[in-house]
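In the part that follows, the structures are each spelled out as structure tokens.
In the two complexes that follow, subunit A is the common piece, with subunit B as its partner first and subunit C second.
So, the complex of A and B:
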């Protein structure tokens, strides 16, 4: 009955990943020394929260049927620069300025994709180039040091939940409700399911695509600002892994690249699962290269499984 | 005109061909021969089995029983020219022809093929076209001729032309006719499928008529008159005009829909009509007649160049489908899978999709209202309520169409537009759909459908407007008009 479940009897991709996450966590807790400790939990939640926030926003673009944005890493880097530059106004104020800036940059890309019916991949690659160049001009390649107090974003709630992780949870829940329980959210899902049928139903296509890109921009801005707050600095190399990390999370989280299927919670679960696997791999003694290999193999496995599954369901019909 | 004689040996012959899909027989013991130098017209209503027969003749499908014989079959010398153009628009004329060539090898022998291309283009009546020209710069008729040239490229002796003139204008049609005649003169056998009866008498030497999978008449064209052909096509199943009496003749009210001088070259021209509330009007015409385009234009999906439409005294903004929807127009497209429904979503989500305002407050969806809406709309189209949670993808065409109709009804339209309401819908679901649409009409909705199916008009419509090549031919009360009259109008474009 729920939109997004491919078959009633078939568990959705996100549920499977959630189950896998719990299984991996339990197994690791019993077998790996140092996994089930407060400090590891804090480190783990810190490392996956920022990518998780971006992935939840990116899932809107994917669900809308617009595949991915490839300008996320650069937008995150610009956000760190923006946050550091405005930090003298205060941490919260700098965060708000950053979110507004990133939302606008996202919305502009969405407008080009939606209004001119351009290919989202090409548009975001081009936007990426423009933003890299602009960032270079703005900073002259230097690191911007922010002056101000960022402790509010580096605090730990109740001694175990980092503020980043709390923001990740809140953003995920808000956006999940927005997608599943509001009219524009439903229309985005319909647009991703069948563009032509959506047009015939007179769904405000351009506006929805602009909104999806704006949401993705906003979450990237939040993640960029939080990243900048960790070191009170901003520069173009920061957040370099956000783009691919978010794409991996969205794919692993059961959001269909063809659009219409999947939820922001799925993307969040995907981010948690990937973060967890990387954490386990590093605790198990894998070095950085092997951790990346793990990540890549995981995405390939998901894509192959999804392909096999859709072929089977086609044959059953 | 009769160029052929029975003494010429057949190039291609169908011997007792039958084809069944499951328990449904679509072709039943068909025997027919095609001779060199002959243009052989193959006629029949939609679903008579013409396409199945030619597919078997061309070797695309295998028959269930019987065989295809003749020298052309043995040498695989049968080329099929489909109704939908299969030329590749971005490539040049030469490259399109080269693709049809069957020679193997790593390199394309361009010089030899270029010479051959010039020959076949001349034969197809395209001698003036440069080989380097991109196909997209050719007119529709020239593309159709190029399609024929592609068949000739591999020296096919038998050419099957499937409605080559369906979408062409008069002058263009003459070019296709000339090409077909030239082919016959050079010793090819031309199998010509058409819905335009006029051209049968201009062009064909031999006529074969099919009905419900059977061959009902075959012989030289001179043996047939127009009314013979029509009565063969319809058979004895021709509906008595008086057997549909369900829609009572209520007092005719003032028209609720007034369409005046709608034009969009070259699809339709100067189309004017009115629709009344409670009456179902069918626009009846062959593929390419413009009937479907008029309906899409009213839905705001194909903005017309001229003319306007008034619904209940309000001018419809035909340039935008969001605008027409706001004015109370709902549209059910013919192509369910790509336009009509969201396949990978539940029935509930489909039904609410175009009426989200009705099931939400302050833009927040209310699941209870959504389910209630889905249930009530599903019952209007006689869709099993127990299945409203299921995904539409797995449904039959009939159930998918019910969902598409329920989707449209959920917007509470004043004007319901449908293209081919039951194309690809199983026989069991058709009465349900007809019943629901008639019920809507009785409750005061204005309904306009476009169809190419005569039976559908009998079952569904109160009034019928015939269209031929973008123009309105006539308008009739369905109950007092006989089938042959309607068929003549859509096939020949003139009142009988």
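So, the complex of A and C:
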């Protein structure tokens, strides 16, 4: 029963959100002017793809039992700076350098969390401060303008799918396969479900946590580089909404904060749902602050409902 | 023999956490003396005044967070509720009058604290999950209250009164904060709730099983933390007479560092708030000294983050070393220790496996 319960709840969370997403989209398509247009679809997929990419990476940290990373926004900002600084090498090369840099920064945080068995939240808050300080010293608070051609990342495939959205889909599918069908992926899920059992079965705990943080760093690097490619510039204020956006997506997408339950596709669906809600809210004339409040209420509701549900299933046992 | 080894472990553990309190204060005083000697004007009245202003605000938030961490939980909502309190006070000061808007800010903060505590204590949701949600809600409410904009107060007289130096180094603002800190330390040391707090943090399940009011204890802990944060945010808002919406990670970083340097265990139930005050003093002395020595704000932030990472890296290995030492002590010395310390804490301790 103890192992069976999460198995049963797992598809229902993500499926529920997927159904809700479709319902909201259909209702909005019929009732809101300007929703079911090609330009709105392009804008919507652009706005949710970047947060979606980050959320899929963050879901690894959460599934691994390490809750969240609170340094994502800053890492994304550093990635925009890195991409803009190396853009003169070429867009693809700058992207690769950015991914390597962000992966290393993620892995270092993962090493501190895994090796010293420290609290992930506090480690990432500290790492956030170090990175903000270092970023300030490096850029002096200025915007870095990149010199180079970024049209490859701003193109549209078949006049329909923006490159950002295509990368989002590919990253989601690859990481989903990595988590569900590889040995390290299954070990990460075990680690999140039951830390003690994972230790007793002698899985490489530190290495898995480092990998989870490195994957999150890599996806944050990709999202930061794509964001920078939109304007060929990098600065510390860019990507400020990535951190909370990704957390909302992961929580709404049915990934349990306690770890072990949920999938990267769930996080991606969560990102699509939240992106859709924000899009509908702004088309319906809600302003920015109401959108933020709605996000907060949504996460609080999901967390509390999940708590009530697991409390009931615990009492039934 | 097992009784004996257990008692020895308790003693060495207790003296370890007491030593952490002393260490925090020792480091703080050493840093204070060091900066007084090396940085000119550090020990002047003007600088002492600004040092105590920084220290009082930091120590107030750190005390609140320390109470929550003693209960074995963590409060991320500080990131959102600190700016929210300042925004509410300033936005409604002209309409409701300052006392009214201050009351509104405190009540809003405490309400969020009670929501956090209820969800954590009653529904047993991990505190990080709940407080991430309330953090986002508070940040959103901050934007809503301020209409996405910078807000300011038209009447500056109260701001001036609040920051007017008293006895050259204090101000009304810092005295209010220090008084509240003293009340909270007293409550944790002297009331039943304080004992329940340690028991809950030490082992939540056993505390519940032995019939302690864990839910109520946790709710009060979160309400105290939210109240401290709201008061600190409101006082800062009034003293600056202006505020901007957004999330404020700096205060949480400072408070978490102060709590951990001060020797409260991340797992909860160990350490003392007196150490937290020492940790806050150390951080404010370092920030003030480095600032006066000509370092930029971003360097100080970098140093703060590095200190926290250093503390985290040392925390577990040190605790492990203490445990090993305690076991080695039992192996080498068969004579029983003289008079084990008595009291509630020991009973809780010896209930551990």
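A few comments on the model shown:
Here is the rule we use: the second predicted complex is superposed on the first by the 307 of 317 C-alpha atoms of A that agree within 3 Å, B and C clash if a C-alpha of one lies under 4 Å from a C-alpha of the other, contacts with A are read in each partner's own complex, and residues count from 1 in each chain.
The rule is short, and it goes like this: a contact is a pair of C-beta atoms (placed from the backbone, for glycine too) under 8 Å apart; a residue touches a chain by one contact, two chains touch by 3 or more.
All values reported here derive from a predicted model rather than from experimental measurement.
Once the two complexes are overlaid on the shared chain, A:260 sits against subunit B while remaining clear of subunit C.
In the superposed model, A:29 makes contact with neither subunit B nor subunit C.
Counting the residues of subunit A that each partner touches, subunit B and subunit C differ, and the larger count belongs to C.
Contacts of A:181 after superposition: subunit B is touched, whereas subunit C is not reached. Of the two partner chains, subunit B is the only one touched by A:197; subunit C is not. Residues 67-68, 70, 112, 116-119, 121-123, 125-134, 136-137, 244, 247-248, 251, 257-258, 287-297, 299-300, 302-304, 306-308, 311 of subunit A are the ones that touch subunit C when the two sit in their complex. Taken together, the subunit B residues at the contact with subunit A in this complex read 299-301, 320-322, 325, 331, 333, 338-346, 348-349, 352-354, 356-357, 360, 363-365, 389-391, 393-394, 407. Note for the complex: subunit C touches subunit A at residues 74, 76, 119, 123-126, 128-130, 132-134, 136-141, 143-144, 147-148, 245, 247, 249-250, 252-253, 256-257, 260, 266, 296-306, 308-309, 312-313, 315-317.
Interface residues of subunit A facing subunit B in the complex, by the touch rule stated above, are 1-3, 6-8, 180-184, 186-187, 189-190, 193-194, 196-197, 199-202, 204, 260-261, 317.
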